[in-house]
Amino acid sequence: MILSLFFIFSLIFASSSAAVQDFCVGDLALPYGPAGYSCKSPSKVTVDDFVFSGLGKAGNTSNLIKAAVTPAFAPQFPAVNGLGLSIARLDLAVEGVVPMHSHPGGSELLIVVQGCICAGFISSSDNKVYYKTLYSGDTMVFPQGLLHFQINSGNTAALAFVTFSSPSPGLQITAFALFGNNLPTELVERTTFLDEAEVKKLKAVLGGTG
Amino acid sequence: MILSLFFIFSLIFASSSAAVQDFCVGDLALPYGPAGYSCKSPSKVTVDDFVFSGLGKAGNTSNLIKAAVTPAFAPQFPAVNGLGLSIARLDLAVEGVVPMHSHPGGSELLIVVQGCICAGFISSSDNKVYYKTLYSGDTMVFPQGLLHFQINSGNTAALAFVTFSSPSPGLQITAFALFGNNLPTELVERTTFLDEAEVKKLKAVLGGTG
Amino acid sequence: MILSLFFIFSLIFASSSAAVQDFCVGDLALPYGPAGYSCKSPSKVTVDDFVFSGLGKAGNTSNLIKAAVTPAFAPQFPAVNGLGLSIARLDLAVEGVVPMHSHPGGSELLIVVQGCICAGFISSSDNKVYYKTLYSGDTMVFPQGLLHFQINSGNTAALAFVTFSSPSPGLQITAFALFGNNLPTELVERTTFLDEAEVKKLKAVLGGTG
Amino acid sequence: MILSLFFIFSLIFASSSAAVQDFCVGDLALPYGPAGYSCKSPSKVTVDDFVFSGLGKAGNTSNLIKAAVTPAFAPQFPAVNGLGLSIARLDLAVEGVVPMHSHPGGSELLIVVQGCICAGFISSSDNKVYYKTLYSGDTMVFPQGLLHFQINSGNTAALAFVTFSSPSPGLQITAFALFGNNLPTELVERTTFLDEAEVKKLKAVLGGTG
Amino acid sequence: MILSLFFIFSLIFASSSAAVQDFCVGDLALPYGPAGYSCKSPSKVTVDDFVFSGLGKAGNTSNLIKAAVTPAFAPQFPAVNGLGLSIARLDLAVEGVVPMHSHPGGSELLIVVQGCICAGFISSSDNKVYYKTLYSGDTMVFPQGLLHFQINSGNTAALAFVTFSSPSPGLQITAFALFGNNLPTELVERTTFLDEAEVKKLKAVLGGTG
Amino acid sequence: MILSLFFIFSLIFASSSAAVQDFCVGDLALPYGPAGYSCKSPSKVTVDDFVFSGLGKAGNTSNLIKAAVTPAFAPQFPAVNGLGLSIARLDLAVEGVVPMHSHPGGSELLIVVQGCICAGFISSSDNKVYYKTLYSGDTMVFPQGLLHFQINSGNTAALAFVTFSSPSPGLQITAFALFGNNLPTELVERTTFLDEAEVKKLKAVLGGTG
């Protein structure tokens, strides 16, 4: 009888090695497409694929922005591939800043775990700024694709987790996009209204050329 | 003139061997991803790919649950790959039961063809049970991911077809998930409120260990 | 203790009357949008909303095409609203035909329950015809938006169920679209290559004017 | 000149009061549909709509399961409406348990902030259990619709945040669904393989009848 | 300091060669699936991948329909792969016609750049014809999957661009689908109500057999 | 007989006034949600709803940026509601510029109709700039959410049409978002690395305060 039951389940579950797609742990060595990475063979998947331990340790904030973002996106944590969400750890030393940026591929939800953070975003429809100081336990949502920022507004290090509605939300930091590559100074000036001296100064700071 | 017309159509249709994606019959040997299987080369696709003949014959109901589910999901019927739907045949001998289960990946629509079936589901929002006896020609819809069941409530064998809003809806039978694997008895007890004796009894019946 | 447990569940489930969206039975009297109908208040939903009994009876095939399609789409069966699938009953008397048509909004899966049906579709990428005679228990899938047809190819009435990957798949019968309205004869001629006499004849048969 | 610039932006942004949909803060008093709540008028939206402060305080774990889930789903935090994600706080006292459950509408990502938690899920394709003990900073992902659980496996209270790939993921606790309503005892027995005594005992504990 | 900043960005951006999916320029040589082509390695992508120059030149309208459609769909312009849109150039000589057709995979938006075009579509829900003469600068939208047509209604050549809500919208020209392949004459007759002579005549014109 | 045929079609098409959703012309006066506007009653829809004539006339480029964008997005052209695409006209006088901006809700495809335009975007994954001078007939695609710009690089006025993969793509001009509102100068400085004088200068130019 039990064999019969197994027979049924076998018929349903096991008639193909690729069977049903409960999950699709990304295999970064295979071709990938618009929907994400190809799936690792289920027979090689273990519980360790579903656990990511890199967010337990503070990132190194000894840098220009006194901030560190440690992502668990699909490239770092392939188990989120195809599941529509991901997470990152955000460490902000005193005076730390996550500069103005946007995520092309998803909305963001931040929860403050330690310290206090001034966070805000700018709407595109009416160019209005929405910002507020958040304390431990406060959660704020940043709608997809809009410019936003986070600043440590307290006297102690701050810690937050940020989650996204995509396994690969992307991250475009405005200053880095404008001044950290070889986009010619003249084009930067004309498309941002900034003056030449400012553009050149920031190119020097952020590693840009041209 | 006709050549010219063909020229236009060629320009549109034939400039790539992968051309337009009318369909994507799954090739189970290629890598697959979150959106489904890779496509079989259209040049090798014939009408037989679009036809599945396995649902014409009753499944074997000589088993513990006196029921048989014969699926035509993407692994069995690769033509549904990427098309957002699939089907299965459900045979219920007298006293047959499809135990409490859910489909992680899609909603279900059942139509009774023969006999009568008591079917129901439980909502998550208010924990309410919706169940009813269905007769030949009756159709019932089971919203995505919710626990539901079907029982032959008549004196004759029952036959139904169940269709899904996904080519790979998945199927998780609660009892099998709880008692048919090596999830330690203590964890089952603590997460289900069942007592040890019951858990051990069902592990024995359903092939579980630990 | 049980009160406490209820308290938790209440917090989760009941803090809004609109709560979680397990389902969204359509309320045809409210505004509707691109994703479907507005939801009927869950407090007014009963099991009868999830059951549709109209497919148990043969449709009337005493008509030009000796066929009848009885739909359980969202307008007839509002419980499928938002769930991504629907169903219809197809009756074909001897010599019955479902004329060449397409569904703008979804793929179709047909299962023959009685009789035999010659069914086919035409791909857009290479203009190839895929057709076959189907017998009881055979299932065939018709990819979204492509022209297809079904003809009773046997000596007895045929019965099939057709399911769709959308609650509102739509149905555009080519002949009816071309000849059953006031599209001027000259425009029909020029866009179909048919001659005037043929267009006028079919307009007369199918109720068209102009 | 500035007026001219404003004129351009006005043309783009302001020609409709409903303008562009940067966000759609839910208005729980309006009709809602399969895609979520209707939007609150943008002119009434303030930064406070985007901030939820309810997750800073431990939930009350003085209950049967020594656990508390505090959700910030669309009904509680209407700013996540339409944005594809949500969050909840999970408090587990010593011996606390989130019983076996599933989310019909989304995948879950858990991050441990305090204590240690044994968490796991059961796949539907091969009925395999994936479970592990997680420590502070560990993140685990639970694919959509699959049964999973969390247990405090340490000697201190545990705290985690759980995020979802949907603003309304739903939550169906298996034991509560089976024993906490009026699903007749006989139907529970037949669909779960549990014996009558066990079903009646749990109905008594979990508030079920019938 | 700059090194530190680079370190952060490296951590985010560069920990995988497949990194974040800003875009997925199709690689037509790799396997492809329901969501589109596999992505070309970003390291081989240049600005030229994002630019398509084939729409600057009039198509050859010396053909039966005095029309030419030059597509920049995913097969011709792989940069649109996964981005949800595509474009084509439409040239209509005097008396040129784009015959009745539909796009199985997307909606269309046409903008007239030169000349005047009579364009229309037929709804499926009420079989109503919506058509109008469009002049330079006019835009018309054709909802997904519905039959529509365009005719040069002026005395000069007309030019339009047509864009689609899919990188691979497909194109099914009704007359070509009915008469340009080996679908047996009898099946065409029975599924279209056309008479045998007409079917045979058009099969001859459009290259059909059978 | 024709009555019978009509009876079938009536059964299918007309059993609900809201029938099948071929299209959903937005009614801006009704509630709207994450998927778009509510639908205008089909009985009030005419062909004029599907035609937008506002793109035939050059926008006024007598402004700071010597550019004009004339949108036909869902608020201006409600017929695109729910159809997944929209369009706008772009006029660039000599030296005209569309400043650095992004579209939170969709990808963009530009086609040059007149003049020449230097256009580019910046990837988020590797901060690389992709830019090129485009001539009449050239098409360029800008992936969703990424910063991009267009500049008239010729000696004559330029004209282009830009289409989007969303009926409401949004438009966030970086300089306007940073300097054209009341975001405090100090926050702008800290989140962009710009110095105070520059921020104040641009706030003055672009209408910002604080």
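Some observations on this one:
Order of writing sets the labels: A, B, C, D, E and F. Residues in every chain begin at 1.
Heads up, the rule we're going with is that contacts are C-beta pairs under 8 Å (C-beta built on N, C-alpha and C of every residue); 3 or more make two chains touch, one makes a residue touch a chain.
Computed from a predicted model, the values in this text were never measured in an experiment.
The chains in contact with chain B and with chain C alike are D, E. Common neighbours of chain B and chain E under the contact rule above are A, C.
When the C-beta pairs in contact are tallied for A-E and for A-D, the bigger tally goes to A-D.
Ranking all chains by how far their C-alpha centres lie from the centre of chain A, first place goes to C. Interface note: chain C and chain D, two copies of one sequence, contact each other through mostly non-matching residue numbers (shared numbers fall below half of all numbers used). Separation between the centroids of chain D and chain F, computed from CA atoms only, is 34 Å. Separating the centre of chain C from that of chain E, both taken as means of CA atoms, is a distance of 26 Å. Annotation: 41 Å between the Cα-based centres of chain A and chain C. In chain C, the positions touching at least two other chains are 9, 13, 19-22, 31-37, 104-105, 120, 124-125, 127, 131, 143-144, 146, 170-171, 176, 205-206.
If you sketch which chains touch which, the pattern fits none of the simple shapes: not an open path, not a single ring, not a star, and not all-to-all.
Of all possible chain pairings, those that touch are A-B, A-D, A-E, A-F, B-C, B-D, B-E, C-D, C-E, C-F, D-F, E-F. The residues of chain D lying in touch with chain A in their complex are 9, 13-14, 19-23, 42, 46-48, 50-53, 55-57, 72, 77, 79-80, 83-87, 89, 106-107, 109, 111, 113, 120-121, 123-127, 130-132, 134-144, 146, 161, 163-166. Interface residues of chain C facing chain F in the complex, by the touch rule stated above, are 28, 31-37, 59-60, 62-65, 67-71, 73, 75-76, 104-105, 168-171, 173, 176, 205-207. Within the complex, the chain E residues that touch chain C are 97, 99-100, 102-105, 118, 120, 122, 124-125, 127-129, 131, 143-147, 149, 151, 170-172, 174-183, 187, 190-195, 198, 201-202, 205-206.
Per the touch definition, chain C reaches chain D in the complex via residues 1-2, 4-9, 11-13, 15-22, 24, 27, 30-39, 81-82.
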